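Below are two complexes that have chain A in common, paired first with chain B and then with chain C.
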Partner chain A sequence: MVHQLSLVSSIPHSKYVQTISTLQAMTGLLRPQPISTYTLVTKPTYVFKPKFEPGKVNQIEQYYMKCITTWDDDSGRNLDIAKPIIGADENSIVLVDRLFSGNEEVERTWTLQISDIPIAGKNQVCSAQTIYESTLIHVHARINEEQAPSPPPAEPPVPESKEDIEMKDNEDTTMTKGSSNISNDPDLVGRKDSFLLFLDNLGYGVVNQYWIKGIRFFHGDIVIEIFKIFIRDDSHAAAAQEQQHQKIKLKLLDESNTFQIRTYINIPKSTDIEQISQGSKELLKLQDFLKNLFKLEIPDRMFMDSRVPLKR
Partner chain B sequence: MVSAVLLVQKATPDTITQFHDQLSNELPSLKGKWNFNFKIFRNNPYSLAPEVAETATVSTDAQFLYTLSPSYVNECTITLINKKSLGVFTNLIREEASESAKELSIPDHHLHRGATTGLNDPFDVFVSQKLESLWTQRQLIRGDGGQIYELENGNLIIRTSNVFLHGNFRGLLIQIELNNNLVATGDPQSFLGSFEKVRQKYGIPEGDICCDVLDSKYLDKYGDLCLQYAEILNF
Partner chain C sequence: MSQSAGLIRKKTSPPVQTDNSQIPTESLEAIRNRLNQVHLSLRKLAEQVNSHNRHPNKVKLPSYAHFQSQFQVLITQLHSIATNISSNDELLMNTNVYPTSLFPTTQHEGLLTTLLRKKPLPEVDEWIESAIKTRDTVNGDDRTLQRDDEFAEWCFAKVQELRESFQFYGFHTVEELDYLETEEGKKEAHEKKDAERKKEDIELSITSGGTKGLNPNQVLKFMYQGEL
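For the complex of A and B:
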């Protein structure tokens, strides 16, 4: 469990160099740590209909869950976020490898994360929320022997939607490349889409995905992250390029090339009042110190609500 | 390692001490103490498949999620859903892990690239805190006072533990692990014979034994172990 205190901001692309230099000087960290992640947004596949009894408060909720892993293919490693990404420019195309194609050498690690809505209240100095996460290092799903001959083994039933992608990719790759490139190593075959199957059995289905690339600085207990968010390019032209390269084409979520900034402190226990008040003070100090560079603000907690609305 | 789990339900203090004496006569190397937690979750009946959500109020099918956390694998939770889907979760980052625990740890780059905060919860806690709408905990089975015996130059490990269900003693659990070279790994059907031989050789009391595997083509040390616990600790 993590209790996270945070403040957010954003800067236009033109202020990137100045911001980076200032942060380098302030933190003394000349080489900020690169961050690159790939996130699947998942939602429970089942409908939750608790029994409502008068006088009884029902506290159980359904939550969206993030499944986070590293974005570490060639594009993830080589992408330079200091360069603006312009949609029409041939040189700035971002193409990422498909996951779940079953030809990865090492098993992928996934972090499952569910966060509470930030704490409500007046006179807050920063956003405070509790995050629960657990990291999966190995999955293995038994594929029933009777079903084995059919090529896509028991795929998670995910609602048809534009964003829902991985499943189709999966089919594409199996169909276009055939079984030739899937090695006979039982290790790989067993692993192929075990993670999606595991999620399905757990009761979750994929609804969306995004990629994050950026850097981070450390200042005392504070982590300062500057990053861009990418989503899959659904346009017609992108489909042709994807076909050509057998990869997924990305575009910026915010095509103005704006950088997102997030500053946060992680506190292991939400009951540690002393550390929380100390942390909020630290964040306030940072907010004041950087006020001429960018304005750190409290994000709107309503947009950070991860609960699935109940159907009655 | 191939494992089998055996539960002696009618164990009395006498049989337990007698068995420990017998094993000590074989001059095993003692590898310390251990314990485990085994939790059984059932699907929340108010969570309904979309097709029946309009008509039904409670779900009639029963699904189970098991979590096993043995203390001899550091900060690790093995989970099995419906006896077919396995996941191994851990809190340990590789750079912090001791040499022996490196195998089951989170790779460093997963933390460094920002995919985890590094402050993980054990999976059973995660499920009971945040997935309550999907899974509700039904049983907590604890294993206490466990001993680890290593025999035959490390090729055979016997772990014993007293099993408690909600605080009541339910028997003596014996976990037998054989090195891969002592069994025909290609033929899981033959495991029962191999374990039966070990049982007789070391005078292990009789009881329900389980050495089933998840996938006969692809042995999975932790998955198979969790499946065996799920089959045996079924009160």
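For the complex of A and C:
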């Protein structure tokens, strides 16, 4: 669990070089850390409606879950975000390897993340939200039932509620620990789609996917991320190209080539008021310092709401 | 004021009865005020000049513009005195001045003689004479004045002309402007414009036709909920 204070902004592509140079000078980080991730947005498959019981916590909600892994194929490594990506331009086509094709040498690690809606309140200086995260090292769910040494940990469709999150966190870790002993026989075919199966067993279905490419600066405790988001290109032309290369063609989520900026500070405990106020002060200082470069703003908490709306 | 008022009587008024009603107080007062003003400005000017003469290192001589404005003021003041006097000339001509019985004649004998003096001082006579003389000479030769005027006008026109050649507009030097007029210059300007247009085109293609980027909030929504 981590408490995250954040501010956001965006810059047009033409201001990228200037921004990077400024941040390099400010942070002293000549080679910013590259960001290259792939994210699956998932949603609980089943609706969880606990019985209303007076005297108990009744505000129980289900949350979207982000499953994040690295985007480390050739395209992910070689993509230069300093160059604009133009849809019609042949040179700037982004083709990524298909995931879950089973031909990966090392098993992927996935980070599962659930975040609370940011705290409400007047006179806020930054957005503050609690994030729960757990990293999955190994999944022993297998497609081929015969080869599977043990039945997959068929968890019941876990209803994600606020109280359950930390519990799930623990489950994941114990599960991965336990399974690491069994997986001394890395079967590539068996690994294929295993994560998706795991998700399914967990009670989550994939809603969407996106790729993030960007860079990361560190300034004191503040992390500054500048990135672009890619999504799958669903057009006909793209489909033909995908056939040709056996890969997935990407396009920008935001075709105006705008860079998104996120600055945040992570605080281990949401109850540590002193550190939180210290952190928001630092963010404010940064906001003031960079105000002529880009305007850092408080994101609207409603847009960061990852609760699943209840269908009645 | 009370002294001078006390001294001045019209000759028609009875000597013993102090009837002040017939004294032309208003016009006299006006003239006195003007005189006082001239006196003050002259004294100030004299002081400035004298203090410079006494301590040439410490005190600076007032600037030319200062003198000019001072003279301007003096001329205006003198002019207003002249009009004041000439508008009251009948009254002043017909007025005799003598002390009333109340005036302490013996105590202020010196003052009294000064005040009652009608004849100008010999040096003043000289000034008047010289002024009249100069006027005559200048009037005798009308051309000098005219020539002066002409010269002044010419100077003014020349200054205007010179000033115009030192006033610049725009961001180019004269040489650059001349160069722009030539064929080569025109070509260069054209190329520059082309380059700028190309740059704009690139910018447009990058931003997919100049569309505005997504708001960070929209992007966040996509990241959290998987849809825009």
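Brief remarks on what is shown
Everything that follows uses one rule, which is that the second predicted complex is superposed on the first by the 261 of 312 C-alpha atoms of A that agree within 3 Å, B and C clash if a C-alpha of one lies under 4 Å from a C-alpha of the other, contacts with A are read in each partner's own complex, and residues count from 1 in each chain.
Basically, a residue touches a chain if its C-beta (ideal position, glycine included) is under 8 Å from a C-beta of that chain, and two chains touch if they have at least 3 such contacts.
Since the model is a prediction, treat every value here as computed from it, not as a measurement.
Because the two structures share chain A, they can be overlaid on it, and in that overlay chain B and chain C fit beside each other without clashing.
In the superposition on chain A, A:Thr19 makes contact with neither chain B nor chain C.
By the touch criterion defined above, A:Ser75 lies against neither chain B nor chain C after alignment on the C-alpha atoms of chain A.
In the superposition on chain A, no contact is made by A:Gln287 with either chain B or chain C. Of the two partner chains placed by the overlay, only chain B lies in contact with A:Val139; chain C stays clear of it.
In the superposition on chain A, A:Ile131 makes contact with chain B only, while chain C stays out of contact range.
By the touch criterion defined above, A:Phe48 lies against chain B but remains apart from chain C after alignment on the C-alpha atoms of chain A. Using the contact criterion defined above for the overlaid structures, shared-chain residue A:Ile114 touches chain B, although it does not reach chain C.
In the superposition on chain A, contact of A:Thr263 is made with neither chain B nor chain C. For chain A, the partner touching the most residues, choosing from chain B and chain C, is B.
The minimum CA-CA separation between chain B and chain C in the overlaid arrangement is 13 Å, rounded to the whole angstrom. Across the complex, chain A meets chain B through its residues 1-2, 4, 33-37, 44-51, 60-63, 68-72, 106, 109, 111-112, 114, 131-144, 186-187, 190, 194, 197-198, 201-203, 212, 216, 225, 266, 268, 311.
Residues 203, 205-208, 211-228 of chain C touch chain A in their complex.
Here chain B touches chain A in the complex through residues 43-44, 46-50, 53, 57, 65, 77, 81-82, 84-91, 104-107, 109-110, 112-117, 119-123, 125-126, 129-135, 214-215, 217-218, 220, 222-223, going by the rule given at the top.
Every residue of chain A that touches chain C in the complex is listed here, in rising order: 8-10, 12-14, 39, 41, 43, 64, 66, 84, 86-89, 115, 207-208, 210, 229, 253-258, 260-262, 297, 299-300, 303-306.
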